[in-house]
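First chain written, first letter: the chains are A, B, C and D, and each begins at residue 1.
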């Protein structure tokens, strides 16, 4: 650990003029923005999997990172990994971390073994959390890597796999509860299909709906007060994933009576893969009261896979944070870096560059959003545009006081509606004035 | 008209060995397949807009077709168009047609004018339908071309545009009712946004939900017994369309209490644009009891726009019809050719080639589905795969009799679940054996 | 004209603190950056087609703009259009314009008529150019809209169409020459195919190669000293366009002996459609000595069609201008706004917002590039990375002094090469520090 | 080995009516089609990597296959793998195999070790090839998996990596020569860049050009008479790969004087990723005399990654083989199955299903092409379409006898060219009549 991080100091806020690549120029944790400290607004979390478990592999080559603790998947190495992880997060200055069960400790081949190892690593985590003040944003169970899940976890044709998944989630949820986790996340990486030829979609959706209800019931049984979050993604690893995007999951939740129990953890790259902008997903989830958390990263708009790069577009995050703010924030959720440094970024310094740049970029975007809100032009433009619906026959229509025939009669009698410019170029320039 | 179609005879079934490019080799309307005549299974419809109104234009050039009745948008030309259209459909041997109000007759600049012209063309249609036996599969209103709809119809920021749209739908729905139409379709081409900067998604969705309810209420008021169908599409002409795909519309319907009143009209090319296979959309809609109709065409998998080509892959349609059959058919819906010949296909003969090839391809695919069903292997494979959920603890889980802890306990006690091959290659070969 | 532009004043540079949406905050034409004035670095041009000819139509609706001079395609309206266009460009303060023959004047149905009308409008342009000081960046011929070109111009199966295209290019090239145009551009919108079933690719490429050579020979014959530029695009309107991307055109030029005669005019959106970043196309063309001009716009990364929006990402243009600078600039070429305001942006003010925002964004990006160059870190990083090739056996290899066996022998004898971080995150942060 | 293949017999031709899923229905090796036996036309090869080395892993989970010889990368396991591989290929009845050096034997960490192991496994291969009659279609070197190649092989910023790659290719090329290989293939998986920020494209292209020349020179030095083939791919694993597509590689070859020495090995899925149809790539390469081999597989048109599935569309292969035939075949090249069974297809039987289905599908497509050629309509249609270029002024233009002014003068004097239908729908139906 000491070797790995040697030569890298605690990252500090040095202000916009700093040329130190390992300093923050905008992220000043205690600075109050829009009524909260930056630290509290973002609740930044470092992801255990990408930063400490992934070895730098891709589909055409094994790991390039040569981290000592990755040599074998043992409990001893799990503890060494925890040493490095907490030391890294502390020097970075992020207040939270997130983990999958399988990244925290080896799960073995039986649930009993998984339970024992999770219990032991939870003890390690507790000590480290106490020593460093780092908190848990969320935990989750890896229900997609093991061969048993190759045809799905909750949506598996074999009920025994569903039961195994239930066992794994029970352990992960209870471990999250024990560690004071703020949320619990479900990502259904294999909850979908490879070929529709061997698949009964209705059957699988019912299994998934039942599973989610069982998780929610268990959460209440054990008194876990964090949010349960589902993370949409359209595909990869499967050909089609049931949690395709925000609107699909919203419909699923309503269909299985979960719309008041589960919220969404939205990931930038998953929005892109579904053919949406990230701000669309945020705005949609916000409009439905379902926004619960964010996985920060970026994909490559020109391919269809999950590159999980660190963000580097300020402009994108201005829009994202605009809609997070409009939605009233994330509740118990936060901003988790579900991002990995590139396979060629083999040094510890690269891991810092990735996180420091991303935290700073988010902070810079937030300061821009603050100024956009102070200016007020953008918000007013939108309010004015829909003004006709707040009174008169617009309000009557929305209130259900007019039939189709009533509305038609009004249109027959009225003058032709006049087109009004949507002012897209003006609005884009307006945002750029602040960005 | 006579000039336009001169030299082209009634298209007839001549059997698989025919080399006549303007004969059917598989589509034999009276042949009984899966318990119904082919004619009744498909209920093929010709689309008024692509085949008789679109002039062969694209974004980089005006029309190439030089059809005489397209010279000016007058009532006189509307009648000449009806002459050609019904003559074409009769010679083709399709039992149905579909229309937009704007394609049937000029709508003018006021609702009164639209009502008058629609009334007059409806009289023309009535006579022609009686003479030829051609029926109306569905009518719809064009709420996307006119400048007034540039920012949406029901989702427009201006309530006056909403009212105008209501007026137009009232006329189109009543005209459809008068003509004995089997369904009424809503396609929200502009119900979406160009830039999220000027848009309030929640507000617009509420407007759209109210509009749909008003349409459904009016349908019942006038005693129209056909289905109301929404046609999903993810984008184009807008950046984002609210009726993104089948799952999104299903969620929308539940959210606004419409899930028993409205079904889906699915289009191949729209599935593709949403990142789905067409069979996925069909299987999903079928699993939710929402499958109501089909727009037959194909897109280009390598671009992101709506090419609306005639289908030419038998294999694709085998899968599509497999899931239509699994869903129990389309109810009052049918197979409408929302397809246009290429801009270079300037002759009347090309219009026949497009339709004849497509009808024949669908028929050929249906005969293959019949043989696949008789063989039974594919269906049995899927049933067997999920067998574990029909009894034992699988059934208990689905029935809600087991908690997360119960399922977990079972998994702790049980032997490790054994992976089972998904047999994708075998299944693909199996289907190819019949195709 | 006066009506159209009424109320809009000359756009002026007001500095970064201006809140006037119709002022420049960064574009200060006389400011010297990297050794040249901004005006001379960019040579901004307004595109006649998008800004004055396109009516606001899309595939699902006709024009929304209702510009008076678009009511009919007459010479009288062509002159009214010229009035508006030059007045607009003058108030905007752009130094150049670009035109297609078909946008400048009606081409009629014969070449004689086209020649007469082009001659007349050229006289109008000459007067206006003299009055305003506005210059011609380039002219081009529209070889894609008319029905005769539906199957290609130079690549048409019919030699008579090739000859007609030759006639049209002759007029357009000579008109460009007469007006002192700095370049002449060829965009092969229909030079490709709709279906490979009816196409002989080798034959069509030979036709295209011959056509280009004829154009180059004619240029020399008439003494035109501007550059001949080809604009790559992968598809749309055709299924496949032969001038797919920069690398494809580079190969084409070499194959037909044109690599010293023709350069590339690169468009942002066309890069995107080909699956490239714009900076890739610029860097590639620069590396081959083929960079000749730029069409400024942006596409939507999430669809596959040519949205031609005005740019709004400063960060994207920092990268683009970085590689333009590395390539040594554009020679006689410039930055043409091949961009159109959205269909809902119906006011004259929107046309200004589009151009003002885009010019300012480019200027802002240029100032950032200047600072990146002054800093030197980015350039040095890349130079250092390839340092091993400038001496020793690296230089020997490139010079052709080592065989495969020689290199292999060296590797057998040498220590294992050591991986070195690519520092992607550091470099991205570095650029963001200046952006 | 015996365990692995137990219960699976030699696959035999049983004719179209067979319902045996592990029999050929169309692939009858000795049947003469278009003048050659099917066996000789296709020269089918099994890929060592996907079928025997890949463990069933994806980015979200490790291998599912549990093949005994994959437990550790040792020479002993390499020999066990060879046992299984040759037994499999023999039972399948494919005449060829293909391999990467790294798949054949462990390459260790030094070139000396690689040379020793390759020598030893070549001895094993020689014995097995003699025993079974199986031949080598091509060999290749894996220059993309090892960490040393993370930033490229020939295009690496470090000349020492270039030299190591030279060493590895020397061994692989000489091993291919020793085994009587029919071709040698180069696939530049890492010859591209991850971020253009740290990349000098011109420099890297020059390195690549020099490397290819060194390989060609070595081929001649050792007397290898097979073809050298480059396999284009646009991206993955890199962000951008220099060998983007057929046209890009053709331009590269001309630029570095290699156009008579190197041909193209085209892969279906790589065409798709580059935004092309496979038939486009074949037709283009054929038109340039560069078609040298085929990697048979399919991608998913709805994502952007390399799924390498076995083909299952007869219609696609009819088009592909049509253009292979038009190009005069593949010369020394063949049809290699660069395809892998799905991660859930864990049984040996699945490996047979994948290959049997694919070989049969290709054979079926070839029989259809034979009938299309006998019919002659398609070929004649295309010839007629370009008839105007074979005489008269069309021929004069192509021969360089007409200037732009000559062609223009002809067009001024001639009647307007008449548009002629492209007949796309007719041609699509025509092909479907035979398919």
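Note that in this section contacts are C-beta pairs under 8 Å (C-beta built on N, C-alpha and C of every residue); 3 or more make two chains touch, one makes a residue touch a chain.
Note that the structure is a prediction, hence the values are computed from the model and not measured.
Within the contact network of the assembly, the step distance from subunit B to subunit D comes to 1. More C-beta pairs touch across one of C-D and A-D than the other; that pair is C-D.
Rounded to a whole number, the gap between the C-alpha centres of subunit C and subunit D is 36 angstrom.
Averaging C-alpha coordinates per chain places the centre of subunit A 40 Å away from that of subunit D.
The multi-chain contact residues of subunit D, meaning those touching 2 or more other chains, are 64, 147, 150-151, 194-195, 235, 275-277, 302, 342, 344, 346, 419, 422-424, 428, 431. Those residues of subunit D lying in contact with subunit C across their complex are 109-112, 147-148, 150-151, 157-164, 166-167, 169-171, 194-203, 205-207, 210, 213-215, 217-218, 221, 234-235, 240, 244-245, 247-248, 250-252, 254-255, 274-277, 279-280, 283-284, 286-288, 319, 323, 378, 381-382, 385-386, 388-389, 392-394, 397-398, 400, 402-405, 407-412, 414, 416-417, 419-420, 422-424, 427-428, 431. Within the complex formed with subunit A, the residues of subunit C that make contact are 19, 21, 25, 64, 272, 275-277, 301-302, 310, 312-315, 341-342, 344-347, 349-350, 353-354, 356-357, 360-361, 419, 421-426, 428-433, 435. Touching subunit D in their complex are the following residues of subunit A: 58-64, 66, 144-147, 149-151, 189-190, 194-195, 235-237, 239, 300, 302-306, 342-344, 346.
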